[in-house]
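Step one of this worksheet: look at the structure below.
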Amino acid sequence: MTRRIGILTGGGDCPGLNAVIRAVAKSLMRQCGAEVVGIEDGFAGLMEASPRVRPLAWEAVSGILMRGGTILGTSNRANPLQDEATTARVLRHAQALQLEGLVVIGGDGTMALAHGLAQRGLRVVGVPKTIDNDIPGCERSFGFDTAVATVTEAIERLQTTAESHGRVMIVETMGRWAGWIALEAGLAGAADVILLPEIAFDVEAVAAVCRARAQRRRHTLVCIGEGARPAGGEPAVQAVHADRPEPLRLGGVAHVLAAALQPRVPVEVRATVLGHVQRGGSPTPFDRVLATQYGNEAAQLVMAGAWGRMVTLQQGRLSSVALADAAHGNRQVPLDHPLLRAARQIGVSLGEPAAG
Amino acid sequence: MTRRIGILTGGGDCPGLNAVIRAVAKSLMRQCGAEVVGIEDGFAGLMEASPRVRPLAWEAVSGILMRGGTILGTSNRANPLQDEATTARVLRHAQALQLEGLVVIGGDGTMALAHGLAQRGLRVVGVPKTIDNDIPGCERSFGFDTAVATVTEAIERLQTTAESHGRVMIVETMGRWAGWIALEAGLAGAADVILLPEIAFDVEAVAAVCRARAQRRRHTLVCIGEGARPAGGEPAVQAVHADRPEPLRLGGVAHVLAAALQPRVPVEVRATVLGHVQRGGSPTPFDRVLATQYGNEAAQLVMAGAWGRMVTLQQGRLSSVALADAAHGNRQVPLDHPLLRAARQIGVSLGEPAAG
Amino acid sequence: MTRRIGILTGGGDCPGLNAVIRAVAKSLMRQCGAEVVGIEDGFAGLMEASPRVRPLAWEAVSGILMRGGTILGTSNRANPLQDEATTARVLRHAQALQLEGLVVIGGDGTMALAHGLAQRGLRVVGVPKTIDNDIPGCERSFGFDTAVATVTEAIERLQTTAESHGRVMIVETMGRWAGWIALEAGLAGAADVILLPEIAFDVEAVAAVCRARAQRRRHTLVCIGEGARPAGGEPAVQAVHADRPEPLRLGGVAHVLAAALQPRVPVEVRATVLGHVQRGGSPTPFDRVLATQYGNEAAQLVMAGAWGRMVTLQQGRLSSVALADAAHGNRQVPLDHPLLRAARQIGVSLGEPAAG
Amino acid sequence: MTRRIGILTGGGDCPGLNAVIRAVAKSLMRQCGAEVVGIEDGFAGLMEASPRVRPLAWEAVSGILMRGGTILGTSNRANPLQDEATTARVLRHAQALQLEGLVVIGGDGTMALAHGLAQRGLRVVGVPKTIDNDIPGCERSFGFDTAVATVTEAIERLQTTAESHGRVMIVETMGRWAGWIALEAGLAGAADVILLPEIAFDVEAVAAVCRARAQRRRHTLVCIGEGARPAGGEPAVQAVHADRPEPLRLGGVAHVLAAALQPRVPVEVRATVLGHVQRGGSPTPFDRVLATQYGNEAAQLVMAGAWGRMVTLQQGRLSSVALADAAHGNRQVPLDHPLLRAARQIGVSLGEPAAG
């Protein structure tokens, strides 16, 4: 009998999702003649009264390697464990669709839901996804390289305009819990100051860098992760926006920092929040190759019947861990990471107060 | 005796400024053995007690064609006509530097200042500059193509993330007075809705497009120029920000539109303000060639002693107009422009109310 | 009764073809509810025993704006006028398909075929296409900007490697009859020498530039159009390859020039033939907008019943000429073109012998 | 007393060299106040009668992170061990320049020379460099990611033109001894066939893929590393070119394969040799970060006095090996590498004969 495997993508989109879908589907079709079924809009496609699915023939997954986003759609909020009836419906749909198992591609939250369903009997293989590169136990996630490239390009553009005007230019990147994007893009874009969630920054230390550079008629480029916060400070953005409704909670920490810096420096301060562009676009060649490997590895797990496991990358090699053992939380930049040393030694400020 | 010519760049920076500087300087050096002197930070370099200038040797302007921004620096606010003493100092410095004349590269405001100085006896040739492409009587200004390319790339990225989530995604471009960037980048990025300063938009018409697309499970991409405004509405952004100090006037019309749309559509609405990245970066090949032509044409005017004139592009050819006759204000998109017809005919909404 | 219009693309592919197809089809569908039919592989799709066609619904032409090539396929050699039987079959198929008329997108050769069919009674509107930008009477063709961008990027890469090794680096571009690509990409890529079909070059003059630069420890970048030839020389490439079968006629004029230069200069000479990459890839934003305009204009001609005409661009405006009057041959770079003056004045050698 | 350290780059250029130079120099200046001296054109700068060197101040290495090539210049052939007199001169120069030690950035050959000099008493730290990613014991070298990105982009362009014409398109990449570039770029560019030096290919197997695709009216993209060879075949390119002088040994294995395929397939076959563009251009953000780490690690070795060692990357971490122990030869793609499995499973042909 032909095997039938489902695929879904959950959580925020990420460059490389289509490359994973393609590699999973093609590998399963070619290696064991499986039928592959795409679930639409993440778990939402299984939660509704009638499931929203589509067969994924070879042609349907050809030509999608380079496309950003996910051809299956995704959802941020669908929770198949929200109540007993919903969970039952999801399991019933999976059975009615005659799915032998389900490949679930998603972030921390999606993996937790997949694990919950696995405990209820669904056969699941997980593929971790985040542009933030902060999955515990996973060295490098697909999508991160693309996000870094997008941010770096933006920083390069901002460098030339900042230089022409002798300004302090602040650019805010994604990375609520971990500073990988800000760190790597900041280094690649030759930022003068890099501020991360992992290292509380000192506004006066940042201002001192800007002033010293302004004195030499040099502009300053500050790259700040959205989760960075001033030493001793409360989460700054919330404070600023406490009085306004959601769609007017405009901007972020970059603007808050700009407001704090402006009175301390003798030049103009400007801020740019990169926002959603960081999630989109065609994956870099690096991410296409990496995502293809993740997808192909997931297919091996399916073919081996290794249900309940999640693909991971450790010491440069793909392997897997039990969904049950997958660590939660966020993998932050370790304070002894060689990139932090390199940054400091080449003269990049991390916003730390000058040594007494 | 060796001729000495000065060059300065004024106003906001723009991709292609260095290409103009290079073409002016190399042409003058090679054709008539002139010495070329760069003035730093626009008119500011001539306004201070001692002028800030630097000789521009052949090597100094080699290798800058591809660089964004201006190697000379620029200033937004320096006004050499601010008072009699300043004007006199500027003229005195020009004389002391033995400048035969000055090539001034800048926008509307800078040209007005150049004209004022010309009336006081300074020999000036002007080169118009704007990324907004809105100089009256000038068909296409350098820097515009690069800005359109940058915005288009951003729209492409936003398309994939919007598509994955089925969202309404709003992207705000530069263009305070004219919608050229929003129009061309919107068309090139396959936006579904394009909103321009030239055509007051109807929020409900935009919402109707979003709803119709959402019903077919399609996302909607809205490209809005920063100067666009709702029909009958006051300038929306100011209203929103009236209560806050400058550095916290976060975001712009995109966020205002997002707030207005959200209650009218059944899907998530998100906004991105591209900001300063639109000014920066290496000029496109098109802009490098165009800027080289502008610079070379300015050199012809200098060599011909055609002082008091500004380079312009009309009907596909470079020519010049008297600075005195250079029209002021902004060249908007004419309402009968073929691109507007093309947009409507291929199904792009311009935010106009559906015909009754 | 619903109108039915066919579209086909003929000759070599070109970035922007899909943008034209999309604009023609969407404009006709939306403005007059026409059915649009795509003919496959150029005229070949109408020449075979049963025509190969496909309906082009709105969805079929959505999302293709950014794609290089042509979704309809093309053919270089199909000649519907090759014999009476073939011509009759093509006309019969057009009738059987109930095509009110046909939009033909192609180069010089394709337009001649379209004109021949028009004389036999087929209702045709033409859209000119060439990456070489050499259509007589047409100022700027879509695809050219993309080709220039691709070549410029390649030159930029070659600059850094040439610089590191102090080499003479020769890069060969497309442009058999006209030097537009070599000229604009050479200028945009800061080539030191630009050789065009329009100006026979002097090998010794080129060598002199290389030697003078080598003495200052500078590399030399030579950009040569494939149709360029040495003064007094026969077409060099054919001579070199006269003894070999087609697939081994490797390389081109760049290699011939390299062989001629190497004995005359004290540094290594290397050659790169860019080849087919120049035709491919996603069109630049400029070309997307331009191609959209060409397509929309063709749709106006169809809607106006202006059969037998070809869209053209003159003095910055789209208009049309009678297919019968469309000039043949190739639009070369005029010897008094301002870009040639600019090139010479900024120190770019055009391979002309040094003035006596 | 101030420490003085020299830096040189040897062998073919590679994206990221400037990033290494910058990180070495800035780290040494900032951490131990060292003076850093750049040697020009690799070992050549120490071999000549008077050494060609230049001080590398902080400003001299600022702004070079994004630049391709090497600001120091390089040489392919300079051999400081060529004879006793030369070796003695190099050592004498190093002493006269008061160099405490030398950071040598280069490939296999350059490292062997560095080791030879180390045995003669020169204090050396090595940084391995290759765009081919084939250094034994080094998992990922800087420059490789950029080369893969360049090749992938070219493949993408070739895909659209091949598709439009239904052609077989062959693209030849660098990689004389190892197929990493062809493999990763082929996967990232969605090549249908990937041919590597590690797996002798069967022309008929490749032809069979092309024919099967042509039958479904699909084009075929073949990505071939320059070192790939047919099963049982002699090195094909040499045979073809045996009769011609060096500068006319045009093209490479791609053309040879094209000639062999053309009679076996019913569609046009075309070949493109990418050549020198693969070495050039600005490094990708990934390579900028990686090269910065290599350079910073080399500086740690210098500061620790760990002379005679070479930086390396193993299991995702930077460390070092003794120059004496640095394995020579080339790191090929292991036949059990997961990427080869992935390629086969997603339907990419590696030119292997179909299983009997």
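Annotations for the structure displayed:
Should a chain be cited, it is by its letter among A, B, C and D, assigned in written order, with residues numbered from 1 in that chain.
Just so we're on the same page, contacts are C-beta pairs under 8 Å (C-beta built on N, C-alpha and C of every residue); 3 or more make two chains touch, one makes a residue touch a chain.
All values reported here derive from a predicted model rather than from experimental measurement.
The fewest steps needed to get from subunit A to subunit C, moving only between touching chains, is 2. For subunit C, the chain whose average C-alpha position is most distant is A. Note on chain placement: the centre of subunit A and the centre of subunit B lie 34 Å apart, centres being C-alpha means.
Chain geometry summary: the mean Cα position of subunit B and that of subunit D are 41 Å apart. Shared interface positions of subunit A, defined as residues touching 2 or more other chains, are 156. Subunit B makes touch with subunit C in their complex at residues 22-23, 26-27, 30-31, 58, 63, 65-66, 139, 145, 148-149, 152, 156, 184-185, 187-190, 284-286, 288-289, 292-293, 296-297, 299, 315-316, 318, 338-339, 341-342, 345-347.
Every residue of subunit C that touches subunit D in the complex is listed here, in rising order: 9, 12-13, 15, 17, 41, 67-70, 73-76, 150, 153-154, 156-161, 163-166, 169, 217, 240, 245, 247-248, 250-251, 255, 258-259, 262, 269-273, 275-277, 279-282.
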